[in-house]
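Okay, so here's the structure we're looking at.
A, B, C, D, E and F are the chain letters, set down in written order, and residue numbers restart from 1 in every chain.
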Amino acid sequence: MNVLVVTAHHDDLELGCGGTIAKLFDEGHRVISLVMTHSGYQGRDEIRVRTREDAIKEAHLASQILGYELISFDEDTFDMPISDSNILKILDSIFKYKIDTVLTHWHGDTHPPHRRINTMVLHACRHVPRVLGFAVNWYIGEQPFLPNFFVSINDSQWERKIKALQCYKSEYKRAGQRWVEYLSHQTLTYGIQIGVQRSEGYIVYKYLWGS
Amino acid sequence: MNVLVVTAHHDDLELGCGGTIAKLFDEGHRVISLVMTHSGYQGRDEIRVRTREDAIKEAHLASQILGYELISFDEDTFDMPISDSNILKILDSIFKYKIDTVLTHWHGDTHPPHRRINTMVLHACRHVPRVLGFAVNWYIGEQPFLPNFFVSINDSQWERKIKALQCYKSEYKRAGQRWVEYLSHQTLTYGIQIGVQRSEGYIVYKYLWGS
Amino acid sequence: MNVLVVTAHHDDLELGCGGTIAKLFDEGHRVISLVMTHSGYQGRDEIRVRTREDAIKEAHLASQILGYELISFDEDTFDMPISDSNILKILDSIFKYKIDTVLTHWHGDTHPPHRRINTMVLHACRHVPRVLGFAVNWYIGEQPFLPNFFVSINDSQWERKIKALQCYKSEYKRAGQRWVEYLSHQTLTYGIQIGVQRSEGYIVYKYLWGS
Amino acid sequence: MNVLVVTAHHDDLELGCGGTIAKLFDEGHRVISLVMTHSGYQGRDEIRVRTREDAIKEAHLASQILGYELISFDEDTFDMPISDSNILKILDSIFKYKIDTVLTHWHGDTHPPHRRINTMVLHACRHVPRVLGFAVNWYIGEQPFLPNFFVSINDSQWERKIKALQCYKSEYKRAGQRWVEYLSHQTLTYGIQIGVQRSEGYIVYKYLWGS
Amino acid sequence: MNVLVVTAHHDDLELGCGGTIAKLFDEGHRVISLVMTHSGYQGRDEIRVRTREDAIKEAHLASQILGYELISFDEDTFDMPISDSNILKILDSIFKYKIDTVLTHWHGDTHPPHRRINTMVLHACRHVPRVLGFAVNWYIGEQPFLPNFFVSINDSQWERKIKALQCYKSEYKRAGQRWVEYLSHQTLTYGIQIGVQRSEGYIVYKYLWGS
Amino acid sequence: MNVLVVTAHHDDLELGCGGTIAKLFDEGHRVISLVMTHSGYQGRDEIRVRTREDAIKEAHLASQILGYELISFDEDTFDMPISDSNILKILDSIFKYKIDTVLTHWHGDTHPPHRRINTMVLHACRHVPRVLGFAVNWYIGEQPFLPNFFVSINDSQWERKIKALQCYKSEYKRAGQRWVEYLSHQTLTYGIQIGVQRSEGYIVYKYLWGS
């Protein structure tokens, strides 16, 4: 499989599908990560800062742990628009890498740039036979995320997911403990639901089985 | 508040809303539990057996731990029908105890008797101003359970929930470890989502705020 | 409770939740109203005009009748964007006033700026434990508004809601009679449904019960 | 048009679509009403009683006011099952009267026999090109009834609807005032929504426009 | 009837409701087509080009085959925004032509400008009593398009639909064969579902029956 | 894979997933078909008759064409209940054949026995990691069937699906031409949507990817 992961920000891939990416790597598949924004920002307190240079450097470290190839663009971290030129960036990767499977933010994510990525991906993927959506946070919006498509991940894949998350130093320092707690409960819960140890969960937009 | 919990089986209350019932008890509210079936059954292997006598004895022990009053009926554990006479049993308790709040199985539960309870409760409660639905298992059906109404529970309430579950000896022996694992992940996950330590979750059918 | 109401336009609060705000005032709660746009506009006929000066003056009068504190911003009445800077305005109020409960436009409102407010609020409120949505009009879109969370309002609260609406003179002159007819039918209908005289209705995004 | 209305109980037609039936009569269409149960019952208090003889006598009076032809069956008022023989009763009328349009209970009604009628009608109507659903009460269940198909009714049609309801004496004595209040608010609200004076509302299962 | 069709691009009307428009023409109704963008664009390959001049010239030919009046605006083909000025263009036509029925893109279309047209139309039509949505493609997004409102079309109307599509020469050369295959399967499938030969399908936003 | 197909009637498998079963056979998987009813019935006209003997004989012929093993039970064709004993029949097959994948009627099918099968299967499969739903007819109910999981089928698999359907002689004589027309349009339409020649479509209840 040639898999494309499309996200708004550096660290979204790790949160949403890091274990699955490690598993795809272990099974010999090629994974491209397209990150649409530079992901730098300054917090409300004007002290917390993540420079765009740090963000991309950290993403490169994470990509080596999980085994994916990184393509990143320079859109604004929060105010990235839905635009034809951004859709074309996604289309270009789909053609260039002969993509057959796409993973992206789900459509009900409460963060506006995540949702805009979903809108653009669903349009760009009109000829891609497999598109799945993941959640990168636990925030409650107007509709629930409850996956029906599961990928079991083993201990090593789980550990690499967390190790890759730790590459994002400033974010991890701020939110890492909560992330790991939540992700651990969530992957174990999905595991119980589907009958394995740990699992990441997805919603299916479309899925062609077999070839 | 005068709260009525309507379930199909002994142990459903504990699984679905045990911590909330402990909290209601701590805050001085009255809670009635109406269990529609005798809850005895024999497993496929013809060895696993739960007699109706055990079921009700265990429920009385659990009721003392959580602080609720038990009313139980003798319908068949699995093949209980939706019927006018069963609806009248629910209505009788609503009138007798001046019920203003009802907790019950949610409408999408995959177990047929749970779903039938929901159908009967929603009809019987047409004049009750507060009705909430809970899940007692993690099985995946045709629609997701994702709560938007939360009740935070403290350590003591969590412990009483588990202690009450342990009263159901044969069931706990079979499924208890899995129950506790799942319930722990789930209540901690809901806690993270709503900003408390642990929480039980509900869907809202109707809720009148204040008086 | 510290309640924040976030709306697009002056008069939306009164239409959507005016009776509830009067009730919260009566019960001693603090209510902040954040209005994102200046709310001035010119009708298609180029005769009907509501100046931004009138809009804010009228809102101050209404705020005195209902007992809320007004914060207003200067975004364009119709073309206000979803933007990080607008989200930060909402976040600032949440922090400054230690908000625990937010009321806002529901997500399916057919007016684009109302819907954008909803999107921004759901994101900004990711750490607020109670968020409810209301409707300010009766227009039919792609999904129905049917509330399941109700707040009963007494005669005095209903009268203050209407009196506050009358402060918006030019709008009231144009639409007031229809507003009052519709709101009267609607609050009485909700009252019949939930078993009180009159009620305003909400959908629940998330609600933490108790503390 | 040859219209079939299928309901569980005598008086459901009047509550759910009485004004529309009066309008269809005024416009020269033929309307058949199929009522599946005898509609007799005894209340919880053992005093309130509606005999099956009264029910059918009252229905005949109502049918003369609204201008429909009555067919009634003798199933149990509350415990009528979904069964092949009941489905065949509906099919027989569809064939006999060359029915092209069917009105019936909507699928989310909280009263179990209403919902069973819906299930049987949707199956029996697999070759009927127009099927619409109405609500006969205001009770809140697990999903909202919000119509998107409207039939405006004039003063005379509204009056005949209420007059026909008054034929059901014992029911009207018990619930009539509440019925009329609710129906008046509801038809006026739908009228405002769709731009007429008064309207009844439906959900569309399927609708073939023109011939 | 005075019917307004609002679409993003020249050729959307033909794909989504061309047979219905031919039928409305045959029955003597007036149909106005409002196309919001100039519809010119350049493909990823920089070879495929559709000039705005060609687009409008082709649309005029198509309009003569189907019998509608064309109004077209000059917004960007892909990046047309939701804006008050674009909403006013729709409102102006509604007033000028005394529109009572509107057909437009459905709300779940995966192409962002189609979806934006839907948002603007639902708002602009708040006083129009009949609004229906159609699909112009088969792409799979986050929710399904399954119509419940059908318009049967005869052979001549089907042929004019295809003939009108053929006016869009460059688009037809690229996609025409696939279009015709898909549209033929789809209209025959809808025909089987609703009991006629061929049918176009719609979802109902609101529909006032009769006058 | 060990695949179990659970249906109400002989011929449902062929209509809903016949091409997929042929493909699973070609790829060396084992497929068990569990049919819950004897499938004999008499039409309204008392002339059309399908004996239970014919039904099972025809099913055995069809099973040889598609390559599945047949298990059949003797429940009533239309009035088969949801019951614990019927659920146990499904559970027994799941255990006996070490089933990991189940295909069955989808939950919104308008035929009551089809829907009851779905209810029992979703409950019985609480520990099965892959459950998919298919449609066996085109009838319109209260919610749409639109698949997001697709299995492409080649010409030989398509031909065997139709050939297997032809084994059901009396049914095929009555409805066969319409079946083949509809199924041909539908599988070609799904093929266009997912980018293959022909495809059968499913909805996903749960799906564990990989092992």
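Criterion: a residue touches a chain if its C-beta (ideal position, glycine included) is under 8 Å from a C-beta of that chain, and two chains touch if they have at least 3 such contacts.
For clarity, every value in this text was computed on a predicted model and none was experimentally measured.
Peer 1: By that same contact rule, can you tell me which chains touch subunit A and subunit E alike?
Peer 2: C, F
Peer 1: For the two copies subunit B and subunit E, what is the rotation angle that overlays their Cα atoms, in steps of 5 degrees?
Peer 2: Rotation angle, to the nearest 5: 180 degrees.
Peer 1: Of all chains present, which has the mean Cα position farthest from that of subunit E?
Peer 2: The most distant chain relative to subunit E turns out to be B.
Peer 1: With over half of the numbers shared counting as same, classify the subunit B/subunit F interface as same or different.
Peer 2: Counting shared over all numbers used gives less than one half: different.
Peer 1: Report which interface contains more C-beta contacts, comparing A-F against B-D.
Peer 2: Comparing A-F with B-D, the pair joined by more C-beta contacts is A-F.
Peer 1: Taking the mean of the CA coordinates per chain, how far is subunit D from subunit F in Å?
Peer 2: Chain centres of subunit D and subunit F, defined by C-alpha means, are spaced 36 Å apart.
Peer 1: Per the centroid of Cα atoms for each chain, what is the distance between subunit A and subunit D, given in Å?
Peer 2: 51
Peer 1: Indicate the residues of subunit E shared as contacts by at least two other chains.
Peer 2: Expected reply: 139-140, 148, 193-194, 205-206.
Peer 1: Which two-chain combinations touch?
Peer 2: Touching chain pairs, listed by label, come out as A-B, A-C, A-E, A-F, B-C, B-D, B-F, C-D, C-E, D-E, D-F, E-F.
Peer 1: Going by the contact rule at the top, pick out the subunit A residues touching subunit F in the complex.
Peer 2: Answer in residue numbers: 23, 27, 127, 129, 148-152, 193-196, 199, 204-211.
Peer 1: Taking the complex as given, what residues does subunit E use to touch subunit A?
Peer 2: 44, 78-79, 110-112, 115, 137, 139-142
Peer 1: For the complex, give me every residue of subunit A touching subunit B.
Peer 2: 138-140, 144-146, 148, 178, 181-182, 185-186, 188-189, 192-194
Peer 1: Going by the contact rule set out above, which residues of subunit A touch subunit E in the complex?
Peer 2: 82-84, 87-88, 91-92, 95, 107, 118-120, 122-123, 126, 133, 205-206
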